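Just so it is clear, A, B and C label the chains in written order, and each chain counts residues from 1 on its own.
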Amino acid sequence: MAKTNPGRFFEDYTLGQVIEHAVPRTVGAGERALYHALYPARHALYSSDEFARASGLPGAPLDDLAAFHVVFGKTVPDVSLNAVANLGYAEGRWLKPVYAGDTLRSTSEVIGLKQNSNGKTGVVYVRTRGMNQRDEVVMEYVRWVMVRKRDVDAPAPETVVPELSKVIAPADLVIPEGLTFANYDFAQAGEAHRWGDYEIGETIDHVDGVTLEEAEHMMATRLWQNTAKVHFDATFRPDGQRLIYGGHIISLARALSFNGLANAQMIVGLNGGAHANPAFSGLTVKAWSEVLDKAETSAPGVGAIRLRLVATKGGAPFELKGDDGKYQPDVLLDLDYWALMPI
Amino acid sequence: MAKTNPGRFFEDYTLGQVIEHAVPRTVGAGERALYHALYPARHALYSSDEFARASGLPGAPLDDLAAFHVVFGKTVPDVSLNAVANLGYAEGRWLKPVYAGDTLRSTSEVIGLKQNSNGKTGVVYVRTRGMNQRDEVVMEYVRWVMVRKRDVDAPAPETVVPELSKVIAPADLVIPEGLTFANYDFAQAGEAHRWGDYEIGETIDHVDGVTLEEAEHMMATRLWQNTAKVHFDATFRPDGQRLIYGGHIISLARALSFNGLANAQMIVGLNGGAHANPAFSGLTVKAWSEVLDKAETSAPGVGAIRLRLVATKGGAPFELKGDDGKYQPDVLLDLDYWALMPI
Amino acid sequence: MAKTNPGRFFEDYTLGQVIEHAVPRTVGAGERALYHALYPARHALYSSDEFARASGLPGAPLDDLAAFHVVFGKTVPDVSLNAVANLGYAEGRWLKPVYAGDTLRSTSEVIGLKQNSNGKTGVVYVRTRGMNQRDEVVMEYVRWVMVRKRDVDAPAPETVVPELSKVIAPADLVIPEGLTFANYDFAQAGEAHRWGDYEIGETIDHVDGVTLEEAEHMMATRLWQNTAKVHFDATFRPDGQRLIYGGHIISLARALSFNGLANAQMIVGLNGGAHANPAFSGLTVKAWSEVLDKAETSAPGVGAIRLRLVATKGGAPFELKGDDGKYQPDVLLDLDYWALMPI
């Protein structure tokens, strides 16, 4: 009897099914340092315990995206091992900061199923939740992936496509308890521009670039215990290339966005995202952002800003899609998120 | 007077000699995170403090192999700097888990000497012990290496070849104090199969592969303060290749074995091992295991399983040696160890 | 209005100006482990909490050079983003060890300005100080860089070239409070030679070599939050090479110097330094040292030793400059520092 995990196929999912993902993970000072070594991360709230304390938190949390990667990584063996494509994200919210010593685990609930007309694949929608050791939900998001069928003759399930918000309403964003930007130190944060200085529709070229390395994306992806073969095994794809985990590009682009958005400190909502084109070692990643919306919050001195974050491997900034509505070939990532910023 | 370490030559060893190895090392959260970044390590006991506590330990220990590497690394300047070959391991036992904040040091006792018939080299047998800051032995193992003579005319020592156990008897395995698998969470561990589900003679193909990178094996090897030039200096070998530290392959193979042996949580015995062929950057490592034996233990819910772990750089799984009794050219590692598993 | 940092140009500096650099950084167990993974660092005081305690310190500090890199990295966006060349260091002193949990920030005071005769560039001298969360100065140094003018027609400032000590007087070196080498364990430190065994003028070839990797120098440089494009972006230089941060070479050479100078434990003074030639991935770095001076200190068992540390990418050891007084093409680094050693 085979003891290795073959992954789930489309017909293995049923609506309402809750999958408890394996391998809890305790995070701490090591993950924090590695995040700073793997990405040019400089947001002060995650770099300095003192800055975090002045902002009403007990210390610097684990980077929001690191928390996302840990929660996400656990789902890979159950959700995307046989996935053909990662189709989208929605309704992502960060609910509790993650601190050194916290232990994270994940569950996913199947909230939608739709067999494709070719009969060979289907789309699975899951709502994933990450919990800490106190069973508090630290984050949640919806993801949908295209998964192969094991048996093309297996009957199609009833089609259920969940209604998902295009954008998280500002009132639904969760501000960490105690957070305040009332005494925000703009000089130490590295950026004079505050929430009031950003206009909806404004675009920012983040200027800096980072060339991708095999050792770096593999270390990052392993750190989140993401096991998908395609990221690690050069013999897996016919072209001998290792596909870079999409989350690596998300973290890289977010870190690059410091130069122009240093005060977009905390990520609290993930409205949507697309990995527009695959990324490989040797490419140089740059990033640009667009201000999509702004909202007030109830926390002292804290505003919310909705941003489009685009990672590219070349081309001019601010070019997202062609006349055909498709992403430009140089676009790697198109991410739509809410962040918190001092007003 | 030369101040650099020339290493010891064969005639520098005497039977019964005890060598205190240099540079104590405090380990902690950083080493733990790096281990997860460098290897696809997912065994729950080392990933989660909560899982470790539910298993009767005070928290997640440093990975057993990381403890081995730290203890081993210290011996390199004294034992293998002038070694021609690393010939074997035996009687390896893990005696105390290593926790964050522990400081490790090593000593080696020369337990055997045998000059080779060519008069140019000899075999040195050492029993190495790693101690923590409380002078508790955390692990011990025997290793024998072939070492060059400085002076071929130096007299041969009396030949003493120690009698070494081929296999550690189950009764001699040390179970960490307090360890219990009575409340083991198989879902969180990532594998439904328990000790009773594995049969002696059974083989498991671990399926996944990882391509070796220079930056990764060098970072790993440095982390254990192993100083052997051949791992770091591309100008050292005539072919310009950096030989990968054998322990890197051991850790990689062990991490890959999670897929099929996720419940083989703790390594408690090292019966033997051979680095069958050298490994270099660019190769893709896969692994397979064979169940060699099983034994009961006195700890609640804990069984012992003896496993052969084989790392390869290609070829079909389960092919170890040719008709000539020699390792297949694609075999990198053949390791024989005892692990603890929930019954 | 552009929100990204264009860096300062020569005419943006004024004498006496104090620049508060952005992004405070908390350091800890992760940075310590990464330092050991990125460099072959083995000095016992930084490797072992127990060794540090036996030396009168509360635990192992962050490596002195890691502290320097963190303090230095913060200055890059304000001082060297538009720099043409990093011209020199002087009067560097380590004033307080940095421990896990400390949060560092930096300020720089402009202490000299000199426009070059071409009218296009000028030299800026800054004295940089790194402070911990208790506002204690942990280190300080002077650096001078050549910076481009934004507007060649901008008027030249009055020329002020600070008088800088060629060498820090031994009496001005700051010994960490409580430091004692009275009970120094030479066996655990890895080197029998003490302060009294080194003679002024003595040279030491450190023998070992390390080949440079892109992933390693980028991870190191990011860890210190140094943002200079030229280190990360392969599309930045016309030749497609990523220039390696000079501090990476400093740390590598210092770690290599363990083999022969294992007892030169703490760095307390930086008299000067030159990055003689640029370093790129693929080169193999070796190091040699020369004893320049020795001095007694008031701390028990502690002597000071002044060392020249030279990193090379080839060539014979001990060859520094040609007959023309210029550095040999294989010399990467020429560093002049004070260290503390057991007498």
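Going forward, a residue touches a chain if its C-beta (ideal position, glycine included) is under 8 Å from a C-beta of that chain, and two chains touch if they have at least 3 such contacts.
In this text the structure is predicted, and so the values were computed from the model without any measurement.
S.K.: Using only Cα atoms, superpose chain A on chain C and state the rotation angle in degrees, rounded to the nearest 5.
M.R.: To map chain A onto chain C, rotate by about 120 degrees.
S.K.: Under the over-half criterion for shared residue numbers, do copies chain A and chain B use the same patch or different patches to meet?
M.R.: different
S.K.: If you average the CA atoms of chain A and of chain B, how many Å lie between those two points?
M.R.: 36
S.K.: For chain A, jot down the residues that touch at least 2 other chains.
M.R.: 28-31, 33-34, 213-216
S.K.: Give every residue of chain B touching chain C within the complex, in rising order.
M.R.: Going through chain B, the ones touching chain C are 1, 3-5, 20, 22-26, 28-31, 33-34, 77, 100-101, 103, 105, 133, 213-216, 218-220, 222-223, 225, 227, 229, 232-236, 242.
S.K.: For chain B, which residues count as touching chain A in their complex?
M.R.: Interface residues on the chain B side: 28-34, 36-42, 44, 47-51, 60, 187-191, 193, 197-198, 204-211, 213-216, 259-262, 282, 284.
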